[in-house]
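Below is one structure, written out as structure tokens, with a few remarks after it.
Chain nomenclature is as follows: A, B, C and D, assigned in order of appearance, with residue numbering initiated at 1 for each chain independently.
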């Protein structure tokens, strides 16, 4: 990406920005716990999952995007009002630290989504506070981690998130997620996964919440190099474009009292 | 209703039960605040909005239903684990006491809905904690209270909640609620309201959450005798039947770990 | 089924009726071609697929249902105005005779669905005239017939069509249908199939059309004894109950001209 | 629009093209009957409704769009295979000539939509052959033409079709369309209209069919200058961008036989 300048902070706190504007402003959030304590994970994601995603988006979207990262252990988890105000799309990866995310930050992220910020919830974020907050359900599912094969099918022809894909793609080794998946029926069901052990899963789903769009995408366990997969990267890059910065009519996010009538009222 | 025996507790704590079983078990929740302090409201709903709704459901549904009531000021707001375990449908009316509902009870009610309990959210409950929890949105809208005329149109032919209705019905005087209504697009849009002052509103909406169904129904401001209206009563009675006691396959409401594969796995 | 009296007409024209009323009136339509010419199919379905389905529904639903059958080669394919007027639910099985179904009968069946008759389209009926007419799409899909294993997952907890099922069931040998399935996104997605060869399929889907409900159910190739499977029978019986005889507000099925205003018009 | 060159054919057969490429290629179809025989209509739309729409789109979208027109009385109604092959978005206006549109052309347009061509159905096209073909329903509704006031509310915050609009806009005089509107529940409900006489209507709706998107937009009776209204023009221009040229994964529009398995099959 032309103009990319990693600011070179401490590992895991790296920010990526560009000189070019206007671009889609993406904030990549990662709890960033496994990578610091689990040697196998550290080997796969030496700069953290957020680092791998930042590289992927900048390589996929180039000058169209400005990427920054944020992690659990930063003040306010790196998601201050100021950061969210400058974020068009927030991607979220959490796993074992869900309960450590403060409710105040969850409130703030939810409010931003209702105002139009896109949210891409990845893999184990299905039970993150922010995802279940926006769904109204538990996000529960079945899982099994034996490194089985996954085939991901497109079921929504022409959907922008499938741009550049064929009708399916494969992951040689993945954690399994199986139905039921406790989410509201998606507004758009984009992908369904097949697993070698016999399960299926609604792996790519969009929901509208206020002015914002939430995209859930299943792949991405920390012990597999899935975020280096070209198709996975393509999906996430497509999703960034898709959920970013809606330009239509404004939303309402709290009650508007004593609205003036547009027409005279006789019956009162 | 054959067998109905109001147990004659203090005003507002009345329970209605029947001798007959099995019936749909309905719990009518009302914050029960306006009726105790506002003389005009007390005049309209001398036994509380919950009392009026209890009468309405027993007269509409007879022996098919067992009705009990619960209010904000009861211990645990009257919604203990035991009560919810015996509830097929919970109706909810709140207004100025939303913030006084404890998060613990909201958690409990949400869990019951995901397990299959139906929830009917009435009028100003659009910003109640339980409704917004299940929606993931703010529930915000426009409002104006000048007693204008409302016409409610059925837009879902054959929907069970419209049973016995024509294509529309009218309320002579109502508080206005106008779009935008900050909710997810309903799974089923049943009613749209027309207001004399020029607004429209999605007045009857169903959403599935887990195994449960949520029905939002707009009419019902405390200063109008709307819960005595025959059509309104019919809608709520229909909705009780519709959202009660789904009998289909079970839901998942938390993660199920280490699921056994159904087919042998070779790739791992 | 108490009161069942097969009228004992020629093979394939058998009608099943009961003495009891009121019951759900089901008409089972089958093109009834393979069973008369293909010895293997004849062996599996000696009374035709319609005969097997009639037996299944009467055994599953007993006195709650009155079953009659109709086939392609009958006058008007057995679907006269009179028959449709007495039909609450029509099940459809067609395969190689789709183009022999007259457009006039398709018009008639479509009109009945819009007025509230339920339609259950089985297996290869995905490209029948009546199904694609109601969908507005081609119904196209991928297929392969090598007798592979299929696992059918419930993805809609509490849906009446899943009543009595666990979270999945299996078919040892089935024709494969794979995505993309060219249909509108279902109003309710109930089942997703897993196939041994790597594909997935939206195997159980509901759509509303006018006052009627259409349910598509994938299993049922003529060369497999799938309609004798207990789970398949249960699904079809559940679906009969689910799509039958909506009692809500009426539909509109043609333009209503010069509607009288409900409120005075000043602007004209 | 830079480069616009009306080719100046006979009235009603005018084609608008540009020198610039690549642009969105829009074909504006109009039955073009009222304008030739009704003096009042001719006065409002001297170049036909298609001429007014062509001017509107070129003025709204400039060099981003190439516009051509087609009418009922042209050979193949102006919608040859060649024209459709060069069309990204087709807008449709018909009223009294619906039955004169050949089924062959309807088949062709439907096939193009399934392959990804956008379709914008305007006003009385709710009962056109192509719209009802894609819906599977009658398109029936209530109507009254007394020139009453209409207020159109946005109910989908951030939807691209509402770009540049506030939360509502008004038409001083319009034909009324009222619910029920016999269409499948829209995938996206964008606008709801309020009418002075008491009705409401789902005035802006999107449905996906195959790879294509259908947008229905209510305003536009031939006896009102509605297609000159700035908000109406903005909506149609937004819709052209929204439904044009999806770039995602391919659709299936007929059966694909004997698909090769992706994984070995043991059970057969």
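Criterion: a contact is a pair of C-beta atoms (placed from the backbone, for glycine too) under 8 Å apart; a residue touches a chain by one contact, two chains touch by 3 or more.
A quick note: this is a predicted structure, and the numbers were derived from the prediction, not measured.
K.L.:
When the contacting C-beta pairs are counted for A-D and for C-D, which pair yields the higher total?
P.N.:
C-D
K.L.:
If you average the Cα atoms of chain C and of chain D to get two centres, how far apart are those centres in Å?
P.N.:
Spacing between the chain centres: roughly 33 Å.
K.L.:
Where the centres are mean C-alpha positions, what is the separation of chain A from chain D, in Å?
P.N.:
34
K.L.:
Which chain B residues reach two or more other chains?
P.N.:
Answer for chain B, listing residues that touch two or more other chains: 149, 151, 154, 156-157, 167, 178, 180-182, 185, 187, 196, 198-199, 208, 210, 251-252, 262-263.
K.L.:
Considering only which chains touch which, how would you classify the arrangement: line, ring, star, complete or other?
P.N.:
complete
K.L.:
Within the complex, which stretch of chain D touches chain A?
P.N.:
Chain D residues touching chain A: 116, 149, 151, 154, 156-163, 165-168, 170, 187, 196, 208, 210-212, 246-252, 262-263.
K.L.:
With touch defined as at the start, can you tell me which chain C residues reach chain D in the complex?
P.N.:
The touching residues are 110, 114, 127, 133-138, 140-144, 146-149, 172-173, 176, 178, 180-182, 184-185, 187, 196-199, 207-210, 251-263, 265-268.
K.L.:
Name, in rising order, each residue of chain B that touches chain D in their complex.
P.N.:
151, 153-157, 167, 178-182, 185, 188-189, 192-195, 198-200, 202
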